[in-house]
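My structure is below; once you've seen it, I'll send some questions.
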Amino acid sequence: MELGFGAAYEAFRAEVRTFIAAHWPPADGNVKDPAAIRAFRDACTAQGYYARAVPRRYGGSEQPADIVKAEIIREEIRRADAPAEVRDGGITLLIPTLLEWGTEAQRQRFISPTLKGDYRWAQGFSEPGAGSDLASLRTRAVLVDDHWVINGQKIWSSYAHRAHYMFALVRTEPEAPKHEGISYLLIDLRQPGVTIRPLRQMTDQSEFCEVFFDDARTPADWIVGGRGQGWRITRTTLKHERGSLSGLSWTDSMLRGLIRLAREMRRDGQPAIDHPTIRAELAAIEAQSMALTYSTYRAISMTVHGQEPGLFSTMAKIASTDLAQRIAKLARDLLADDLLVMDGPQRKWIDRFMISLSMSIAGGTSNIQRNIIAERGLGLPREQRAGEA
Amino acid sequence: MELGFGAAYEAFRAEVRTFIAAHWPPADGNVKDPAAIRAFRDACTAQGYYARAVPRRYGGSEQPADIVKAEIIREEIRRADAPAEVRDGGITLLIPTLLEWGTEAQRQRFISPTLKGDYRWAQGFSEPGAGSDLASLRTRAVLVDDHWVINGQKIWSSYAHRAHYMFALVRTEPEAPKHEGISYLLIDLRQPGVTIRPLRQMTDQSEFCEVFFDDARTPADWIVGGRGQGWRITRTTLKHERGSLSGLSWTDSMLRGLIRLAREMRRDGQPAIDHPTIRAELAAIEAQSMALTYSTYRAISMTVHGQEPGLFSTMAKIASTDLAQRIAKLARDLLADDLLVMDGPQRKWIDRFMISLSMSIAGGTSNIQRNIIAERGLGLPREQRAGEA
Amino acid sequence: MNFLLSDEQVMVTDTLRSLLRDACDPRQVHDIIDRHDGFDAELWQRLVDLGVPGLMLPAEMGGAGLEMIDLALVAELLGEFAAPVPFLGHVLCGLGIRLCGTPDQQARWLPALVSGSILGTVALGEGEECWLPDEWQVTAGDRLSGGKRLVPNAMAADLMLVGTRQGLALVEKGNWTARRREGVDRTRSLEDVTFHEASVALLDRVPEGVTRLIDAAAILLAADAFGGASRCVALATDYAKLREQFGQPIGSFQGLKHQLANMALSVEPGRGLYWYAAHTWDALPGKAGHAAAQAKAHLCDAYLQAARDMVEAFGGIGFTWEHDAHIYLKRAMFDWAWLGSPVRHRLRAAQLAGW
Amino acid sequence: MNFLLSDEQVMVTDTLRSLLRDACDPRQVHDIIDRHDGFDAELWQRLVDLGVPGLMLPAEMGGAGLEMIDLALVAELLGEFAAPVPFLGHVLCGLGIRLCGTPDQQARWLPALVSGSILGTVALGEGEECWLPDEWQVTAGDRLSGGKRLVPNAMAADLMLVGTRQGLALVEKGNWTARRREGVDRTRSLEDVTFHEASVALLDRVPEGVTRLIDAAAILLAADAFGGASRCVALATDYAKLREQFGQPIGSFQGLKHQLANMALSVEPGRGLYWYAAHTWDALPGKAGHAAAQAKAHLCDAYLQAARDMVEAFGGIGFTWEHDAHIYLKRAMFDWAWLGSPVRHRLRAAQLAGW
């Protein structure tokens, strides 16, 4: 058992650190300069640090899969505060899909500019009335001559108001059974038939959008895979999402923030962090976070060695959601009066108190996650429902 | 709004108190003397305090329903530490059933000795494999000449090893649909065909029994209601169980015990009750108990005034179960080292820590209670299951 | 025992509920929070016309001379509808004057508060969870200087009842400067106020009067919380009946069903607790401090949890500004924190219980 | 990074698991708890034969010279099977001597502990949650007097490692009187012991050795708790698959399904935490105190909750003596309380984290 990264990896780390130091910050010190940020990212790709899973012929760096190296790169980038690899839906979801299912023309056309950040993508899966239950979606596309004509509505599309394109699931075969009537289309969002309405969130910020299609059009060959294969494609794409350490660094930074907050706030005339109730709960949260961290390390180590990590792999997501809820609750207790105002020194904790709620919603509700743990993790029988075989 | 019992009731209370003082303790001071206890209970019945719902011709005191008077009687008996009304299953479940469904001969034969405590009854509903789902029970009775011949097994029959008779649900119509094949029989437990095995509990005490029938017999006319009516009879009997204050006094005494425990135990070098974590949790438990108490008062007041108390009436049971769990948890925290041993000064809290678990089991699991709250209380739809219309 | 509402109480709440259904539907609440510049003056006027400000004030001042339970029932309904009105500050101002004011002060101010011709409020907080009389640092002599925090509707108010080391003191409009806080709960504005050598009129020093005012505030917050929390249960339940997934209402799935049952379980029994607290305020004053603290702690915790659970039950839509959910979540945050967090009231209750 | 078991570790745990399946099935555990007069000597002998007592002891003493993680994996399995053996006291006794003993003491005692020719134990507790070195009051000079509480298998032990103000001290059989406690967990006997002018041999004063012994105890309890808690999840899950109600396995009802998922969620990630704690003990000693305290607190809390949840999942049958459930519930109570309750270890962890 070895918890560090081992000598070979530490050598790699040194190499990464040297590379970053040579390229960041830019000579003029302007870390906000878009051109400098772009140049840095390009250099990272050329070096084999970014776009590691993408072949060179499409603009990637085509490296063998190595989540430990990937994590070292992330850690060192974070430590240097250098521009991280872009991790939007275009890169994490669309590119792998195109690599597996796309035509050569689609790959040539879309992958490289997406990697560079020139094309930004919105995801178009959810609809009002079809959230966790994608099979029931109703946005439809009809092939008219050489274009798909699209009508309907998508929702929860992150940053669609800033995106150029959307990869979307739409119903193209209305006569087919539910799952088999869906196709995977690429759509230019900047056309007259598309209306995008950002959804204002309860935090008074906007991240998600509604997207309305009113005779929007997309070329006939912007379909990925065959007609009616959209459902299958999406399922394989989602399967590609692998265990990663990135969720952990979020948890870790929340926890460190919480400790700082507990030092700043007071309770019963003493620093809150010295109060036994606060202190014990903070330690309990830390333990929960440690459990999650080291179980993830274990799962990743096993995956790397070709073993099946088992039960834990079904629960990583909901475990971090639960942790976020618990952090939000203790933050609430610490905030006390500051919970009343958005213009106080702890505004970010007010937002987090609310955002922790959206975590259990984003990407499938916690109840669906619990079903997965129970059925896939524990092997409990699926529920027999009326009308099912 | 009036929280006390009102002047008329306070006059009744004074009368009860005077009566008890005149009859208890017995002149010779021997409060353990069975004859004295029995004499006291008989006097209470004659006075109209006990067996209030039972007609005089069967040995009861035949009083108009009045839960406030009933509560005052209970309070005064408790205060005087006098022998309480017997509240076993024979009295709370069987007698109302006989009054509604029994033949005159059955009433004459069974009610009076049951009231006096000469006949003790065990309940025979649950079976291994048929707990919450009574309709699937399998103990069967066949009418052979003038006797039912019974074979099968019952479980969770409280104190069957000390009982004389059992009221049981058995399958008499094997061809009928599940619910319609069950009859309600009275059975003498002291016969060769009956074997009773007390179930040792995890607390090392025995309350529940398994009862095995091996060609046990009961007279043909010891059936209550008609053949196949057992299910219906039981449902109406269970409906008779009314909101009562008796659960509250249990909760209240637990809470007072918990406060005493918090005074006795130490935490971080101070009395545990002074420790802010313990103190806050104790107060939170008290608030939960108060909420339960006064919502019960409201529900009872409404019932007395012919109003429907609504949502709360579906949740009184599980609310007290939840409270018991929370009490058990704080007791655990207070016990610390004493949690390790059964021979310590806090043995009763060890038992309670375990018994709190059996509360959510006894009389229908908490999950079934939650279904009732959701469906009956909140009006959520019943789940459609495979094979149902 | 007769622990239930009288026919009159049922009638009054029915009347008020229809008024709120009509005059305080969610679109109107959204309008107010989107404008973010005050309260719903029209709705407030209708509540004034109904006699809400004078409910507990003496008949000779124009009030109805009713009891705390009556006022708390109103607070429950305002909570249920998340009514954006200056109820809390206004009625506490009047109640404080009734409890501690000299006859002259009562005669001068109460009729105006009852008629709604002036708006009153209370300044209790001083920051860092200082809310209660024995924590107040602001000192009132001939003049008043210093600051109070998180005062409801201070900018709109004409009269402010200020908690000071010398007891309650009255300050008139023009004698403070107010800074608008960006309150989380936009249905109830909060401002920080500063006094600089302000003219001030001390009320009689009636220590138990001050305590009773705090208890009243706790009870009204608890009642608001119960109303809001019940609405959260109802909203989530209604949604679960309508919204379909996998071909059936999501409310038929046992997982969600049990979550909704648990929500209801943590909310509904709270009714008896806040009723009891209000009843002690009227009938058993020796028990009121303890009961009020317990009600405030228990109900406000339950409300905030119920509001969070409701947001989750709605899924993504519940996280949007357009949806009603956040109105309740934020109102729950107000009830939770204003006057001090639940744990503080629990510790106060423990002390009052003599533990 | 290579945070997983080696092939050898997998092999050893597989071997041990088959041994326990055979030699420690529930009927055997029930026999022991029904007899209530000690441990399963035959099973213990088989564990001794397998080399369990010497796993972490040096090769020159007959041990295997392995690491804490290896011993913790054994503890997990013993927890999973609720093995009624004197493992905890015995291995801690050997480990304490290894950590703090003089070469002579090591040479004298360790081979005998490895071979199982003598049984060792540790006396840490003094009652009222005094478990840790800075709380020990018992004083060892030339002689030892006083009492220790809740000592595992003190009546059967030949050698006792006693925590004193002067550090760890060795006392041989015959130098104490033991009073059998009616332990909640009958798979691990507890006795109170009294020393009266007993002969005693102090170990070297190696303060960090004493601390490391405490950390080891915490880690072994955490590992036992993880094994037991996982078994609770498995038992409840298996039952839910078999038991039918309303015509289908109860495990197909979403309500129970989610409860079982939540149980698993509160247990399974704990594996990484106890592994980490064991790993720090071997490889990152500066972090071991904190990690061990956290593991003990987190896992033992999770175990007790999982055991309670399991009993509920079984319904009435789970409340009977004949059923296995209470064996785990009571073992969870032991793990939770012995060496101090979770909250104490959390406060210790906070201090060690430098908060």
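To keep things simple, chains are lettered A, B, C and D as they appear, and every chain counts its residues starting from 1.
Following the convention adopted for this analysis, a residue touches a chain if its C-beta (ideal position, glycine included) is under 8 Å from a C-beta of that chain, and two chains touch if they have at least 3 such contacts.
A quick note: this is a predicted structure, and the numbers were derived from the prediction, not measured.
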Between B-C and B-D, more contacting C-beta pairs sit at B-C
Taking mean CA positions as centres, which chain lies farthest from chain B?
-> A
Chain centres from averaged Cα atoms put chain A and chain B apart, in whole Å, by 54
Would you kindly tell me how far, in whole Å, the mean C-alpha position of chain D lies from that of chain B?
-> 41
For chain C, jot down the residues that touch at least 2 other chains.
-> 248, 253-255, 257-258, 343
Of all residues in chain B, which are in touch with two or more distinct other chains?
-> 276-277, 280, 367, 370-371, 384-387
Which bits of chain A are touching chain C when the two form their complex?
-> 126, 128-129, 131-133, 136, 155-156, 199-202, 204, 208, 266, 277, 332-333, 335-337, 339-343, 350, 353-354, 357-358, 360-362, 365-367, 370-371, 385-387
Enumerate the contact residues on chain B facing chain A in the complex.
-> 268, 275-277, 280, 384-388
Flag every residue of chain B that touches chain C in the complex, lowest number first.
-> 1-6, 9, 68, 259, 262-263, 273, 276, 279-280, 282-284, 286-288, 290-298, 300-302, 304-305, 307, 311-312, 315, 318-319, 322, 367, 370-371, 373-375, 377-384
What does chain D use to touch chain A in their complex?
-> 1-6, 9, 69, 233, 237, 240-241, 248-249, 251-254, 257-258, 260-262, 264-265, 268-273, 275-276, 279, 283-284, 291, 294-295, 297-298, 301, 343, 346-347, 349-350, 353, 355
Chain C contact footprint on chain D (complex, rising order) = 253-255, 257-258
